[in-house]
Structures are given as structure tokens and as C-alpha cells.
Amino acid sequence: MTLSYAEIRSRTEERDRSLREKVMSLDEAAALVPDGASVGIGGSTLSRTPMAMIWALIRAGRKDLFCARSITSCEGELLFASGTSRHILTSWFSQGIVWGVSRIMRAYTESGRGRFEEWSHMAVGLRFRAGAMGVPFLPMRSMMGSDVIAQLPEARLIDCPFTGEKLVLVPALNPEVALIHVQRCDAYGNAQIDGLPFMDIDLAMAANRVILTTERIVSNDQIRRAPDQTKIPFMAVDAVVETPFGSAPHECYGLYEPLFRHLDGYAAQIRRDPEEGVRAYLDRYFYGPKSWTEYLDGLGLEELLDARRRGTSIHDD
Amino acid sequence: MTISTADYTASELLAVMSARLLRDGQVVFAGVGIPLLAATLAQGLHAPGLTILFEGGVIGAFIEPGKLPPSTNEQRCTRRANMVLSSTDVLLLLQRGYVDVGFMGGAQIDQCGNLNSSLIGDRERPTTRLPGTGGGNDIASLTQMIVAMKHEKRRFVSRVDFVTSPGFLCGEESRREAGLTAGGMYRVVTDLGIFGFDEHSKRMQLLVLHPGTTADQVQANTGFELLVAADLEITDSPTERELTVLRRLDPDQLYTA
Amino acid sequence: MTLSYAEIRSRTEERDRSLREKVMSLDEAAALVPDGASVGIGGSTLSRTPMAMIWALIRAGRKDLFCARSITSCEGELLFASGTSRHILTSWFSQGIVWGVSRIMRAYTESGRGRFEEWSHMAVGLRFRAGAMGVPFLPMRSMMGSDVIAQLPEARLIDCPFTGEKLVLVPALNPEVALIHVQRCDAYGNAQIDGLPFMDIDLAMAANRVILTTERIVSNDQIRRAPDQTKIPFMAVDAVVETPFGSAPHECYGLYEPLFRHLDGYAAQIRRDPEEGVRAYLDRYFYGPKSWTEYLDGLGLEELLDARRRGTSIHDD
Amino acid sequence: MTISTADYTASELLAVMSARLLRDGQVVFAGVGIPLLAATLAQGLHAPGLTILFEGGVIGAFIEPGKLPPSTNEQRCTRRANMVLSSTDVLLLLQRGYVDVGFMGGAQIDQCGNLNSSLIGDRERPTTRLPGTGGGNDIASLTQMIVAMKHEKRRFVSRVDFVTSPGFLCGEESRREAGLTAGGMYRVVTDLGIFGFDEHSKRMQLLVLHPGTTADQVQANTGFELLVAADLEITDSPTERELTVLRRLDPDQLYTA
């Protein structure tokens, strides 16, 4: 899995890193992700999940993606249930603590139909960071002695050449594609992220291709007026797709909170019958709508507006 | 008015008793659920200068009553925060040594304070796959820990099926020998009492009983033999003020049902 | 030099990391830096140099500081010439390329009175980053084969356990004190940095103490309204000193550019007679003034206003 | 009007000739002085989409004519930049492979393209201590290099006193064997000509002569035996447009005196 430096360099060299427009549709962006690709997913749990892009990949019938995310929520259940992924690397996997242990995650992993590869949260972050830095590993001090590391032959224990202390080396993770949702970016892909960045900056620099979905596209002039607010540089970006409410039913910092009623309904539907419930959900919300706008319409304008009201009030007091 | 055990739920007791362990001026890395709630409760009571860190990437937040976040990764966690940063970087603060207390819940714990949130049964073919470590392993590996959890025999086992978050591993010096030279289990708070770990054997020891419980009752609900402190104390009941502030924080009983 | 983990942890544990006010004077802050301390200096070359704090340390007669900075300009000359430091770790050391090779640096290093320990620019950054991450080293891929690394016994060559490739490991640098100048922070030390951050964030987290000088102190409420703009958390900060024009005659992004006429004059004075020129400069600008305000007055209001005009016009077009 | 060698300075020739080597759409990591100037000149001429990186922490800047920065670490470098980031992170872009061309000046170079900016004389007791590597070592270690420098015999030496920024080290496969598996010297541009490196021996080779120079003259100003390309070309003189744009960029002759 750990790529040689020659391989990393030649993959990057082949990319068109020039300043150029790369605005496209969800379908066009989905075509950049081949079956079997390794895919890093931005955001965390219910936050800035690149839901619109996941929605497009599931609709496109993509198969056998190897997915990696800091913490995985219902998007992981949907990736399993749709056959889009059978292998998810993450630190925590369930819809969310308030909804209990994921029935879908359990059904797939316990039957061997899906693999949940568990690394500590910091280990996932450092694997992306190593990838972003162009080094084959980073050292860290957790996981030692636990059964988490006992399950991970890719992590290595060493004695530090400087201090003699025991350390873990975690290997770089350089996904073929990163899916990242942002509040705004320009047509070249210079992206601004408000609030919690999670691991998205390291992920973007680690990946060999970045697909950005964005709440809105702004001018390059606006970006250049505050270059210290650019978090992902255009050079690293291959596709820009404008998708309002692109994380719904999850949240996007400062713009909308999660659609809790929708998520409660989803959880209840899964609880009643995991396999049938998730199938019906996919049919209704993923395969059924003709467009992202129709998907949003299905979520319901009232709940979208409520989520927007809650989301924009974060710094009101 | 005297508060009796009928006046609060087990979760409320847990939140109040663990909040009392936090001191003003400390830096606490809090997980979602009871830890988040108890840390916020401590801020509202005796520790206004408590600094709360969340693994979503937050330093020094003040959760708004009634707006508890569904995890530690949503914008509700950032309300009036001093700083928001990447989740990798906030976890690295544990490694750098900035955190006084790690504070999280537990699904299963053993007599050496190891926590399991990964799986029940065989590792290759588990009967139950659980949600996993999240930052739990990092927190437990790198700092002093307080764990808040319901006291049930099936949760307090001799040896966990899977060490997700390391306590003292096999006891004695095994944690240090494994390479974890900092931190370790400090306290386990349950709805029955408060537990520490013996200095040498690193085995769980009953330190304090909650009102209305006995040492025998605690042992009966524990799947291994508990050490019991010589000077066993009894906690004061939750006060009206503690319960009032707590209920204002979680009016929908998201975490205290 | 590489600290054990036990040592790093106990040093951090002893610090008061609580949310508390820590506003003090330059003299009080200077007292936090003992003779012989290792000191990381923020900013780079002519940018956000913590000049006011260096000014205070030189005036206080501090001796034998081990100083580390990404790139070192005239503040390094003044540290050498005043006896405040005899050992500077940096990647580049001269007043600035437009003024030629530093006569002071040459005089001190060639006579053995001062040591210029040369690491590559990225190596300096990764040494601070390792310190910030609480690991004893980080891997990197430059310096190999050069004479730079041949002079650095602390850097180690390894064969990567994952890929078999040759790598350099650079050891963590955890200075006892970091001196950092920022545009604004609150009384607790929550700092915002505009524009180029250089290595200051890693340096702040690597150091065991941080002294912030700031153009202005703002309210904690203002900080909390945009927590994603906080670049250094209060927990890491031990002193906050309000010092307007605190980098002069160097620049502070968005507020003032370098005082080029003053720097040209300084360079000319050194060129005429290095040792006597720098001594006269120290007497006039460092030892002479009674206060920071009197120092600024010596630089001249006209040039300060000119630097301010140039500095604030960066995004005017 | 015909441009003759009397119409431009050696520095202007250097800037124009190296600017011509940069192609639109490339990502160039530029040092201060002639490289910064030449990259900005290329943007103003044939490469409007050239992305310039500075080690101060800048991606995609457009330097304003007449406001050249005194180093690559001041706010003048950030004008109309697409992104500003830490200096460590911008240098890591070299390591990650995002950069097509590293472009810097040199004080001393040898026949295998190694650069010295650290010291003259003995390593322990140098006769002249120079300013050092800055990001030079990182740039030369990690990407394809263009070096722009004045052509003087004392600067073109058989073996540099100190390898600050690695070229091909001892030639042949020695660079790769030292662990530097990416990048290497691509071109050296001087006021006399343009040089490459032999594919196998990795020794410097004269590829192109500037107007009014001869191969003999170049050799006479070089401290080692130069290889000479079989099909030696001659560059076109700087054009009026090139010189006009260049002089607008540096009206005070900060870097082109």
C-alpha cells in the first residue's frame, strides 16, 4: 500500500497543475473516480460530509472503492449498502452516538461483506499528513500495547534512534481521489474553509486528485484579496462542482446544521429493518431524484430552512 | 429539601459525580455524551475556567444549554470557542502534553482499566462489531483518564475482549513497558461509586460509594474481584443546584435519559 | 539536545495552562528568559521579527542565548554584537540579499566568537514541527549528499522501513522560550496572525514558554467570534506584551512594511566599520532610549508613517 | 531597432534569458533576486499562467512592478497571491512533487552543478562565511533546477568548497545513490550562455551561446573543462519588449544593476 517516492512523484508530475478553470457537473466529476479507486472522504461524522459527491458516485454505480475518513457516519452505511465500497478505513463507524451502534455496519462487517479497518483517530490524521508531506511515514506515541495496533500489520513499532523510546510509525496514505466539501472556492479550486477543518487540508495534499464540491463559487479576485484564507491551493484541485446544501442532511459550518428530523427518521427506518430500510432509503433519496435539486426537494424545504436558520446563528450572541 | 436517589437518573448521577472530579483551570479532553455534559456542568458550577477540548478540533468551548452537539465534530462544539483547529492537531495536543485529563465514556472495562469499544467475541469473526476507537485510543494512551460509565456486570469484566483504549494493559509495569510512558487510568465513575487503581498491581479499586450503595452491591455488579480502599468514603448526594444546571443543559435528555 | 518524552511532558505539566490574563511589560517578559536559554525566534528575515522583545533582552544584558530562527537578518547581527547570543541556528544569515553578505556574521563566525549552525530551511521547519507534535524526529528527503548534513551530527540517515528508500531524520527542537510577534491577541494569549505565518505556529507549540508581543490587545469576545482565526491558543502562551510597531524596522504584514531607509542607513554604517558601526547602532537605538516609544521616536515618525502607508496598501487594488 | 550587447546589462541579459526557459502553466519555485525578477518577467510576457512559489509561504503571486521585495519573506511577495501558507508547508510542496522548476541564483557552482553558498575555504575555519542555504538545499534536492548566475572563473570551479545545494554531487549516479531520487540540475543560465548536463557523466555542457560570445571565451571564464554540445546554438538578443517590461519591473535596478 505504501507508494514508492518515484510513484508519488510521477503521479503528481502527470497532473495538470496550472491555473485553469475546472468547473463541472456532479456526473462529470463522478467520472473522474474509477471503480476500485482509493478515496479519501473529507469532513467528519455529520460535518462537511461531501454528500453530493457520494450521492453522485452511488448513483453512477461505482464499485469497490476503498474509502478512508476520520470518522464515518451514515454515508459509510450507504457506501456499504449500495455496493460502492466494501472496505472503509476509519476510526469510528456508526451513524452517530445518539442513534446507537450502526445496524448496517454490523450487518456488513459481521457477515464479512464489508471491512471496517480501524485506526485511531490521530493515526488516520497522521497517515494523511505523511501523504501530504511526501514522506513514507510519521512517528506517533499512541496505539502501543492495544489490540488496535495488533490488527494493523502496516503500523510498525521502532526504538527511536534519538531517545531509545518506543514509537509507532504509521504509513502515508495517498488516496487516488479526495472528496472534499467547502463553503466556497473559485473556478480554479482555491478553497476557503470556515470553522472546523478536520483533516481536509492534509487529505487534499495527500491525494492524487481532489474533487471539490462547494456551497458557492466565488471570483478569483475575492480569493486573492485574502490569500491567507485559502486552505487548499488550486494546484491540488482537479474538479469544482457547485452544490448548494452539498452536505445535507449533514451540516456545513456557519451555513446549516444537520437535518436532525431527517436523520432521526433515517435511523428509525434502519432500526425497523436494517437491510430493507437502507435499500428503501437509497431508492427514495439516491436513485430516485433526477437531480441534486430534486434530492434537496425530497429532504424538504422546511427542514432545509430550519437547518439554515440554526446553522447561521452559531455566532449570533 | 433533601435529595434522594429517586430524584435523579443513573445518567444524571454519573454526570454530577464526574463533573465534581474536574478542577478549575484544568484542560480536559472530553468525549461526547456524559463527558461533554459533565465538563460543561463543571464549567457552570465550580470550574468556570475549565478548558474543554473536543477531538473535532476545538479548544475552550462553552456549549450552549439545550444545544448539545450530536458528536464532538459539529459546529455546536465550537460555540464561543477560543480556537478551532484540525482534528489531527487537537489530538496532537494530547501527545505534546497540554491536556490534564482525558474524559470519556466506556462500553466495557476490565480490572486493569482497559476499555473496549471495538468488538465483542472473536477478533476475526466478532459477534458484535462496535463503533471503534475514534480518538479513545489516543486519549487513553496519552493522558490521565477519567471514564464515566454505567455499572453493569457485563460491562465490568475480568479481561476485555479487545483492548481499544489502553488502561494499564496487564497491570503492574506493562503499560510503561509497552511504550506508553505518560498518562493512565485515573478514575472510573459509575452510577454506584468511584474507582481508582492500585499503585503497584494497577488493579481497579473501589474508592468511594455513591449514596444508597454498598461495597457488596458494587462487587455483585462487577465481573472481577474489586480491591476496596481501607478508608471507603461516601459521596454527597447531587445537590439541587447541580441537578438544575444539568437539566438546563440537557432539557431533551439527549444524554441523561 | 533531543529531550526525552518524560522531560517534555513534565515541563509542559508544570506550566499554568489555565485561561488567565498574562499582560505584562517588555521588562517583565524579558525576565522570563534566563541566561543560556534556548530561544526560538518567530517571523522570517524582515517579517514579523519580534524586535521589541529582542530589544528588551539585549537591554537586559541577557547572555549566551541559543537562538533558532528560520532565516536570520540584522536581529542576528545585533544578538551576536551585544553578546546576547553566541550560537544561532538558522538556514540563512545576513541582513538581506540586497545588502550583501553580513559583515557582522562574518566577523563573529570567522573569528570563532559566534557560531552559525546551518540547517536547510525545511529542516528548521520540520525540527519545530516535530517539537510541536511531541515526537522526537520527523523524516524528510532533502539535505542528503550535501555538505550541509555532513556538518550536522544530529541529523540521521536511515533506510525507510516501509519503502527501503534513504531518508533523513531531523530531531525535534523544543526551545525553552519562543518569541513571537503578532498583529493581535487577547489578554489570555489567543493570537491571530495575518498573512505569512512562517513557522510561528509550530514554534509556539514546540516551545516550553511563549512570549507574545502584539500590535494590539483585543477582547476575548472578539477572538471567540472567529475561533478559526486563532492561530496560537492561550494554553501555549505565558506572556502578552502590547508593542505597537513591535517589528520595526522590520515589517508586520498588512500594517507596515520595512523601514527601508533606516535599514539602508544601518547597512551603510556596518559597511564602513562593522564592529564599531554595530556598537554605535546598539548604543543609539537599543541602549539609549528609555522606552519602546522613545525607540520608535528615534526611528522617526515620518518613516514610521511611510512604512504604515506602504504596509496597509497591500490589498488596495 | 537592433538591440546590441551595449543596450543591456549582464543582469538584464540573465533575467531575460532565464525568463525564456519558463513555460506557461508551469509551477516554479523562485528565489529572490534574478529568479524572482525573471519569473515575474515571464508572467508579463509569454507565461501569464506561470505559478510562482516563494519560500516565505506564497503560492501564485504577482509581484507589482517597482515594488520588488527585499527577500521572498515579505508582504510584497504575497500581492495578488492565490494562497499564503507556512514556510515549512510551501517547502513541503517541493517534497510532495508539486513543483516543476526550482529557480535560484548561485554564488559558486562546479562542473557537476553543485552550488556553494555556505563558505569559502576550510570548513572548520572558513576564510569567508557566506549566508548559507536558506531553502536552496531543499529546492535543489527535490526538483528540477534552473540556476541563474554571473559567469566568472572564480564562480565556475572544478569542485565547490562546500556543497550547499546538491547538483549531481560527484556525477554519474552519485546523486541518486545519495538518496536524491527526484530532480537535479536542468539548466545554468549565465551572461555568456546556457548550460545543461551530460546525461551519463552529469558534467556541465555548453548548450547555447548568448549574442557576441564564443565557446572559447566561455571556456576561458570557466575553472574546469566544459563539455560543448555538438549543435551549439546562439540565442536571439533580448527584445525591446523584454527589456521594457523588465525595466518597468525593476526601475530602481534593485536586482539588475
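Lettered A, B, C and D in written order, each chain numbered from 1.
Following the convention adopted for this analysis, contacts are C-beta pairs under 8 Å (C-beta built on N, C-alpha and C of every residue); 3 or more make two chains touch, one makes a residue touch a chain.
As the structure is a computational prediction, the values presented were derived from the model and not from experiment.
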Which of C-D and B-C has more C-beta contact pairs: C-D
Between subunit C and subunit B, distance of the C-alpha-averaged centres to the nearest whole Å: 41
Chain centre separation (subunit A, subunit B; CA means) in Å: 29
Distance from the mean Cα position of subunit D to that of subunit B, given in whole angstrom: 59
Set of subunit D residues in contact with two or more other chains: 58, 78, 80, 84-85, 92, 95, 181-182
Junction residues of subunit C - those touching two or more other chains: 5, 134-135, 140-141, 165, 167, 195-197, 228
Pairs of chains found to touch, sorted by chain label: A-B, A-C, A-D, B-C, C-D
Residue ranges of subunit C in contact with subunit A within the complex: 2, 4-5, 134-141, 156, 158, 160-163, 165, 167, 169, 171, 194-197, 225-226, 228, 315
Subunit B-facing residues of subunit C, complex: 5-6, 8-9, 11-13, 16-20, 132-135, 188, 190, 205, 220, 223-224, 227-228, 230, 233-236
Subunit A-touching residues of subunit B, taken from the complex the two chains share: 32-33, 55-58, 70-71, 73-80, 84-88, 91-92, 94-95, 118, 123, 125-138, 141-142, 162-166, 169, 174-175, 178-182, 254
Touch list for subunit A against partner subunit B, complex: 44-47, 70-71, 90-94, 96-98, 101-102, 105-106, 109-110, 112, 116, 118-123, 125-126, 128-129, 140-148, 151, 157, 165-168, 195-202, 251, 253-254, 257-258, 260, 311, 314, 317
For the subunit D and subunit A complex, residues of the former touching the latter: 24-27, 49, 51, 58-60, 78, 80-85, 92-93, 95-98, 100, 181-182
